[in-house]
Every structure is written in structure tokens, then in C-alpha cells.
Amino acid sequence: MERQFQLNLKKSKLKFSVTVTLKKDVLDPQGKVVLNTLTNLGMTSLQNIRQGKFFEIDIETKDQLEGEKKVKEVCEKLLVNLIIEDYKINKL
Amino acid sequence: MERQFQLNLKKSKLKFSVTVTLKKDVLDPQGKVVLNTLTNLGMTSLQNIRQGKFFEIDIETKDQLEGEKKVKEVCEKLLVNLIIEDYKINKL
Amino acid sequence: MKITNKIIENHGLKKEEYKNIQKLLKRDPNFLELGIFSAMWNEHCSYKSSRVHLKNLPTQGKHVIQGPGENAGVIDIGDDDAIVFKIESHNHPSFIEPYQGAATGVGGILRDVFTMGARPIALLNSIHFGSPTHPKTKNLLNGVVSGIGGYGNCIGIPTVAGETKFHETYNENILVNAMAVGHTKKNKIFYSKAKGIGKSVVYVGSKTGRDGIHGASMASAEFDENSEEKKPTVQVGDPFTEKLLLEACLELMKDDSIIAIQDMGAAGLTSSSVEMASKGDLGIELNLEKVPCRENNMTPYEMMLSESQERMLIILEDGKEQHARKIFQKWDLNFVVIGKTTNSKNLVLKYDNNIEGEIPIDALASKAPIYNRKWVKKKVSKNKFDFKKLKKIKLEDALLKILSSPNHSNKSWITNQYDQMVMCDTVQRSGSDAAIIRIHNKDKAIAVSVDSSANYCKSFPSTGGKQIVCENWRNLIAVGAKPVAITNCLNFGNPENEKIMGEFAECIQGIKEACEFLDYPVVSGNVSFYNGTNNKNIYPTPVIGGVGIIEKLSRPINHNLKKIKSSLILIGKTFGHLGQSCFLKENYSIIEGMPPEINLVNEKNNGETILNLIKKNLVLSAHDISSGGLIIALSEMSMSSKIGVKIEKPKMLRNLNEYFFGEDQGRYVIEIDQKNLVEVEKFLKTNNIYYDNLGITQPKYFEIEGEMKLDINDLFKINEQWYNNY
Amino acid sequence: MKSSVIVFPGSNCDRDICVALEKMQFKNQKIWHKETSLPKSDLIVIPGGFSYGDYLRSGAIAGKSLIIREVIKAANAGCLVLGICNGFQILTETGLLKGTLLRNKNLKFINRDVNIKVTNNKTNFSSDYKLEQVLKINIAHNEGNYFTDKNNLEILKKENLIAFKYCDEKGNITEESNPNGAIENIAGIYNLKKNILGMMPHPERMIDKTISNTDGINLFSSLLNH
């Protein structure tokens, strides 16, 4: 029973990923420090590093479009600070 | 002259992305709180959220394999805490 | 680029102002020059609407080393110690991006303090949000608090006091004021006045990016519906770099390499270079191609107007470059000589040796516009508020209602997010009337507090102005400190509106009277106008930040009750003033009447007498009575110590609500050991102090005889729940 | 006794720990992170703060610094090492201590006095405390939520490597008394040889009655008596 139930659940679940990055021109203090450190560690061929966030989101739906719409809502409501960040959604 | 130089630079640069995620059995307090908050905001169809990190890395090289090797080194040397995190490299 | 009317307007310059620029330059400005004028002539940098009023404030006193006009004020606290402090607003940026807005507000005020050679030792803040039910409030509160903490915690300076208030007047325009306090030696104060010709002008700190270009003009314009769409590039704070900058600057300040130093705050490179030159009556020449930039292809316009954080401009003595460079390199910071002082009295901007702009310094500074704007006096409201018409309410219910309201709830949800202990000199943390910070390695301390009362100021600005100075004074007294000087942040609406300008002028009048009488001068401050949206202006909200001295730290005082069976005494006369009170607002939603009167003579006498009692070691704990009246003060003393009280009903026949909730000014509650009661009463009588014996302390219960009796733990729970449930 | 306090860019409790050590009569010196060698010392302290801004992960970048290699060498040779707060985070990043410090469960910075219980008083760091003694100590951190896998948790318990646990005033280990969500209320741990201690609470903040209390003193006196 339980397994069957889980299988059903699985079926109706879609997985998305979201990457959130700082907008161009916005200072990325983390990236700056990480790049410096790596350069000091001898990784001289690095030109640039920018750090962002990554989310994996499971949504209860069978419909990819609906799923995407919901993920978008999640992003704009909470995950992303639209004033300084951009984001991208991917279906996994 | 200067422009030519910049063009050369551009040619020999590869862009990679790295996603770093917490290992499965590691508690993700951030993801948990985010999920709770979103559920409270009425997004009930969310099943799970896990939060990780995302990096965009520019490497000075023409060779994809070499680039990947370097990015791997960057990850293991600094970006990733292998005790609790997994990572994935993508060519952009 | 041709300068069109549209461009002029976008730079926030009025037509007449533009004509004035043409006259001063004897030609049209180019785009870069226009940008520079707009940055220097806007309200934020020029104080054009406020100056005529600000100059009325008392700024002198026997403790004052440096009054307004420098990066921060400086006072003498005895021995060879000096305290440097200032408050500043970051309202507009915090509304747009609460975390970064508040964080960079903290970063900015810290730079103001350490540019003067002082190591920051305490941070304070005054934050005002809209109604808790407003959809934006929660997010703004969260963002601002974590931004303040994020910056202060990381740089390692304790955030020790503040105030947090909610009112719908701030729905679309929150207030975020940050105050920093630093310590230095009297002979180690650094100023921004340039001296000498041909001296190196050095850029240190972070690189310049396209952050907040035109931030200063934004802070000088009202919001409209589009502001949120416009979303100008916000500044991102980097407290880590600021920590390095702080240490590097203090290291360089150990000797006398620095002639002048100025942080790059609002209007960045422009205002810092112009101010240093203007104060020294010199010219300055910058080679902009040398400015360290974060992005490619930045234009001179962008460099001059960028508000990137964590940067400073230094004028060095001859031959000190190598020495200074070494220090900044040690701390991994940029260090570039970008120009020199000249005798031309012009700001000359070059890029690869081409002159991109040239403006007489005085046109940007002393000849900037000054307006004596029209203002109208506040009328006394005629409708006398009739207390008899109100529905009856039980004392206990009214008390609980107030204690559970957002404005009176326990603030530990906020203060627990701030590191209050780092530096290990915090004698009194948040939660009492003022925080106490020990001077490192010494047995003396300073007390600090910030206060505002927008309600009072709105209903009658001149009384409100007086009241906030007095309340701030009282908060310092209550921890046993002698109040010395204040800084002030004047948050107001649109100064082009005569009523708003009236609120401004009259609040300042009130502040002035109180400061003069209490010998409590103003040594620094900041004005923030245009707080409002679509012609709706915020309540006038001047914020006072005060600093007092505690000569000897033998026994610091706070408002936690100390033991059972001691006597409680109410200092100051109770008339039962309920106009503008928290009692009416929270229980009846009535906001009516005049604010309580201030009697400066009593104020001073009461305060000084309490200070003397504390010095004589006769006071166990003390608390001033402010919003909510006597009963709130008593309950706060109880809750913070978990010691109860047993209060007698007032002897004279009177309305209990007026007695317990009245907000009459100049009052305190003090706790006295029974064995000292006679001595204390005698002292009060000889000093002509009006006082009432309230009752005694007891275990466990908060009790008003014959009226109510509550377990303190329940009181505490009610006082704590609001933030945790919000 | 000779002590060395390592200072990273962004360290901010370095002065506080130095004051404490000097007050307790240690012969103390500060070591700047760019140094490539360590003076001979009996105790090395990695102080609290935000080394390198705590960017990336708290303690991660300091964990790769040059001076840390020297610390590792010294630690392996038996030198006593104390990591407080950010210092604890750095020690886990270097692998000298097992486990890791995740974000506080409420995702907020927490600064307040909490109660912790001495769970092992047989070490060089704790011999002047009583077993099960309850201390009131200040915490101030964003990432103090100690986490480790089951395996290591077993080892920690079996080898008596748990130094302190968050508890209530009476010493009960409860969920309410756990400020940050740390696994089994763990506030501090030792390495196998018990010459390295990492802890989130700040003992250096608790040595002066005027400021707080003196519950931190015995940690330093234990070290002195060792």
C-alpha cells in the first residue's frame, strides 16, 4: 500500500532547478574573495568567479507548464531578490 | 592593438558553471525554512526545496578538457566541502 | 551630449538652479559637470532647505571638541579621551532593498566615525516601519534587521541600542537611521580640511562600480508609483572590506602621514574631493583614468557619481606614499594616487590628460543654493478631548493590551540578532534605557540612547522637539550617566510644502530650547527630507542620539529591580496627561489632543537629583517614564528582573487610568533600599523634588493593590509573543 | 604558558581573546595570517569573527590559508589548539575536528547568553570545571548548528569527545535549550587526542563581572594548570 502510494506521488511530481545570480554591475563580495583566494592558491588561469544560489524544487503536478508557473511564483515571492538578482528555471 | 589583445583573450576563455548541493543525508536548515515559509504563503503544492550554491567560472584556456580539469581542482580545493556537499560541473 | 530640459530635470535641478549654474560657470556645463552640480546641489549634500534653521541649534559647550560640519561630532570625556559620534539616515535605499539599504547605512556611518581617527565602539539604530498589517512591513522589518546585524556583526562592532516603531505613516516610506560611536585620543583626531599645494590625493579601499549612481539625488526626491520599477542599481555592502579599511586607516593614523581624510559617502568621489578642497580653500585635480574600477569602460561621469561603498580619499604629507601604500597593501586594499591639490580653487577632472570638466570649488560648495522656504505655524487643535465619554476599561486589560502591542513588545527578537558583546566592553546591553559601553582598559564608560516621538511632534512640533531631547536626556540619567551632547537625524516630508517646513522649523525650535536649557549641545546630525509618497508625508520624526559620561563604573544602574522589599519611589509630578497617549491609541484607537507639556526647570532638577542619588550609591535601579506611563515603566522593571511589585493605590482620589497611563514628562521610578529611605526622602525634599511613595518590591507578582495581581511570567509571555508570532 | 592567537582578515574577537589570555597571565602574542611560521607555543587560539567575511562557507577560506598549515603541523605534534566560534568553524574546515557547522535552524544570527553543560572535565581545557557543571556563556553566530554523520557521532560519544552541550538552567538537555539546532545539543567537541577543542560559545566574554559573569575563567585556568 505504502509503496503504491509513494509511486503515485512520484508520478505526479516534477523537479525543477533554479539558478539565481547577481545582476551584472552589482558588487559580488563573495566572488571577489573566492577569486583572490584561488589565485593565491596558485590557480592563476582563473579569470572570474561569480557566486550565486541554486535550488532544487519538487512540485506536485503533472503539467510542466503549470509547474514552471509555480516555480516562477516561488522565485519572485521569496527566492529571488529581483532588485539585485536574476534567475533561470530549468526542468530537471 | 589593445582591441586585438582583448579579442584574443576572449577566444581563449571558457565558461563553466558549478552547482554545489548538500549531500542527501545532510540536514538543510535553509531549505526547510524556505519550504515552510512558502507553504505558509499558500504554496501548498511544493513538496521539497533544497538550497545549494552556484558558481560561474571563467577559465583562461582553449581546451575544454583542460578547463574541466581545472574547474574540478577549484571545486575540490576550495568551493566544495566534500564532507557534506556534492558538486556538478557544466560547460556553458 | 546636449543638455536638454529633460536632462536637467532628471538631475533634479530646477530651472533657476540651472541658470545659476550657467552664471557661475559663465558657460553651459557639460554632462559630467551637470552631474556633479546635481550631486552637490541636491538637498542631501547641500542642506539647502534646512541650513537657515539648523544654524539656530546650540553647538557649543565645555565638552565639545568638534561640532557639526565635520564627518562626525567630537566630545571630550575627560583624561585624554574623546568620543566621536553621528547618526545618519538611509531611508530611501532601505525601502527599495531593505537588507542592503540598512547594511550600507551602517557601513556609511561607521566610515564617518573612523575617518576622524576613532575606533568605533558602538552602533545604534532607530527604525520606523509602517503598520504591521501592511503587506510590505514584515519583509522590510526582516530585511532591515538582518542588514543592520549582518554588517555590524561581521565588522565586529556591537549594536547595543536602538528603537523600533510601527505606524501607518511609514507604510510607503520606512525610516532607517544608524548611529555610530567611536573612541579616540584627543590628540588623534583627523579632519577633512585639505592643506598645502601639490599634495597627493589618494584613493583607498574598494573599487568603483556602477552602484547607486545618483543615490544622493534619489534620497532627495519623493517616491511615486514608478520608483519601485525604476530600481536604480543599489549599493551592496561588503563589511569584510570595511573591516580591512578600518584597520588600515587606523594603522596609518598612528603617525602623522595624513593631512586630511574623507570617506566617500553620498555622491562618492565628487563630494569627498570637493569638501576637502572647499574646507582648505584649495583646488583639486583628479586623473580619472587612475580610479580603480570594477567594470570595464566606466565613464568619468559614472566614476564621479558612483556610490560604491568602502572607499576613502586621503591627502597625504609629502614623501609618505610608500609608507602608506605598504599598510594598505598589507590589508589587501587598493591604494592609488589619483590626483593632487592645487592653488587653482577649481575642481579639475582629467582623463588621459584631457580635461573632462572644470568647476570652481566655491560654485559647488559655498555658492550652492540656500533656501529660506515658506513655513506655517502649527495651530493648536481646539477640540478638547473628553475623557468621560470613553467606555470603561479595566486597568489590567489596558495594561495587557499595551504590553502585547507591536510598539511596546519586548524587542529581543531584534536585539538577539545583533552581536552586542563583541569587543567585551558592553556593560549594559539592549533592554534598558540606555546602553553602557566601557572605555577600553579604563574604569569609566559612556551611555548611549536614541529616541523619537513622532506622535508628539506631529500634534505639536515645538513641544515634540523639546520632548525628544528631554526623553533622551532622561534615558541617560536613568543609567547613571551625565548627558553630554547629542546628534540628531531629522526625518521629514517634503520641504517645499509649507506645513512640512513648519513642522521642521518648529521641531528645531523645540530641540534648541531643550538643548540650551539642559546644556546638551548638538555636535552632529543629518537631515532627510522628502520622506513621503505621492504628496503623503510622514509624520515629522526627528531622532535624537545622546551620549553621556559615567565617570566611575563602580556600580552601573539599569532598570532591573534588584531585590525584594525595597521601596519604589516615583519622581516628578503626575497630572494624568492622556492627550496623544499610548493608552488612548492602543485601547480606543484615539489619537487626540496635545502632547504632554515639558517643564524644563523640573526636568533638569529631577534629572540632576537622580544622578546625585546614584552617585551617592542610594539607587538600586531606575527607569524613566515614557510612552505608556507609570504602569508600563513598572511592568518593564518587573519583567526584566522577574521581581514583582506591590503598588498602593494613589492616596488622592483620582482617575486610575490617568494616574497609571498618563504620560506626564520629567518622571522616573527609582528603587531604594528600605534602609536608605529616610536619607533619600530627605535629599529629595531639600532638592525640592516632587515625589510619591509607590510601594515595595515583592516576589513573583505584579500587583496594584485592590485592582490587579498578575504572575510576572505571564506578563513576560504576553510582552514577548508579538514578534515571535509575527 | 605561551599562547598564540591567529589573526585573519575579518577576525574580530582577536582583541577579546588576547585581553582574556593576558588577564589570565598567558604570555600571549598575535600572529598575522600572512606569517609562514609559528613561534613555539603551548596553546594556539583561533578566535571568533568573520574571517574573510565568512564568504563561501564560514571558515572555508581561512582553512586554506598559509598559517593554517602551520597550525595543523603543531596540532598534530600535540600542541593545544582552541577554536572559538569562527575558530571552531575553521578547525572543521581543516579536518582537525570532525563534522561541520551549518546555519542556525532559525536562519538568524543569534547573540545571547545560553546555558551549556560540561560533559567531560578530564581534559586540559576543562579540568577546573566540575562534571555536569552548568555555565552561562554568550553565543554569537550565524552558523553554529553542529552536524556530523552517525558514524562520527558514535565515535564522539564513545570516546567522550563531546566537550559541552546546550542545556537549560538546571542542566537538562532539551530541545528548547538548543539555540541553533545542533545535533544532540552539541556546543563543542574535542579531537581524538583531546588536544584540540572547538566550541561555539565565547568563554573569553565571560571573565569579567562588570561585563557579564566569570564562567569562562576556569577554561583558561585549566589550561594554565595543565
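So that you can tell them apart, the chains are marked A, B, C and D in the order they are listed, and the count of residues begins at 1 in each.
Methods note: contacts are C-beta pairs under 8 Å (C-beta built on N, C-alpha and C of every residue); 3 or more make two chains touch, one makes a residue touch a chain.
This one's a predicted model, so the numbers in the text were calculated from it and none came from an experiment.
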Given subunit A and subunit C, the chains that contact each of them: D
A-D compared against B-D, more contacting pairs: B-D
For subunit B paired with subunit D, centre-to-centre distance based on mean C-alpha positions, whole Å: 31
When the centre of a chain is set as the mean of its C-alpha atoms, what distance in Å lies between subunit B and subunit C? 41
If you average the CA atoms of subunit A and of subunit B, how many Å lie between those two points? 9
Out of subunit B, which residues touch more than one other chain, so two or more? 77-79
Would you please write down the residue numbers of subunit D that are in contact with two or more other chains? 52-53, 55-56, 61, 64
Which residues of subunit C are in contact with two or more other chains? 238, 240-241, 332
Each pair of chains that touches, named by its two labels: A-B, A-C, A-D, B-D, C-D
Which of the residues in subunit A come into contact with subunit C in the complex? 23, 25-29, 32-33, 36, 81-84
For the complex, which residues does subunit D have touching subunit B? 56-57, 60-61, 64, 93, 99-100, 102-107, 145, 147, 149, 181
Mind listing the subunit C positions that touch subunit A in their complex? 96-97, 99-100, 206, 209-211, 231, 233-236, 238, 240-241, 294-295, 308-309, 332
Inside the complex, what are the residues of subunit B that reach subunit A? 13, 17, 19-21, 31, 34, 37-38, 41, 43, 45-61, 70, 73-74, 77-79
Could you please specify the touching residues of subunit D with respect to subunit A in the complex? 52-53, 55-56, 61, 64
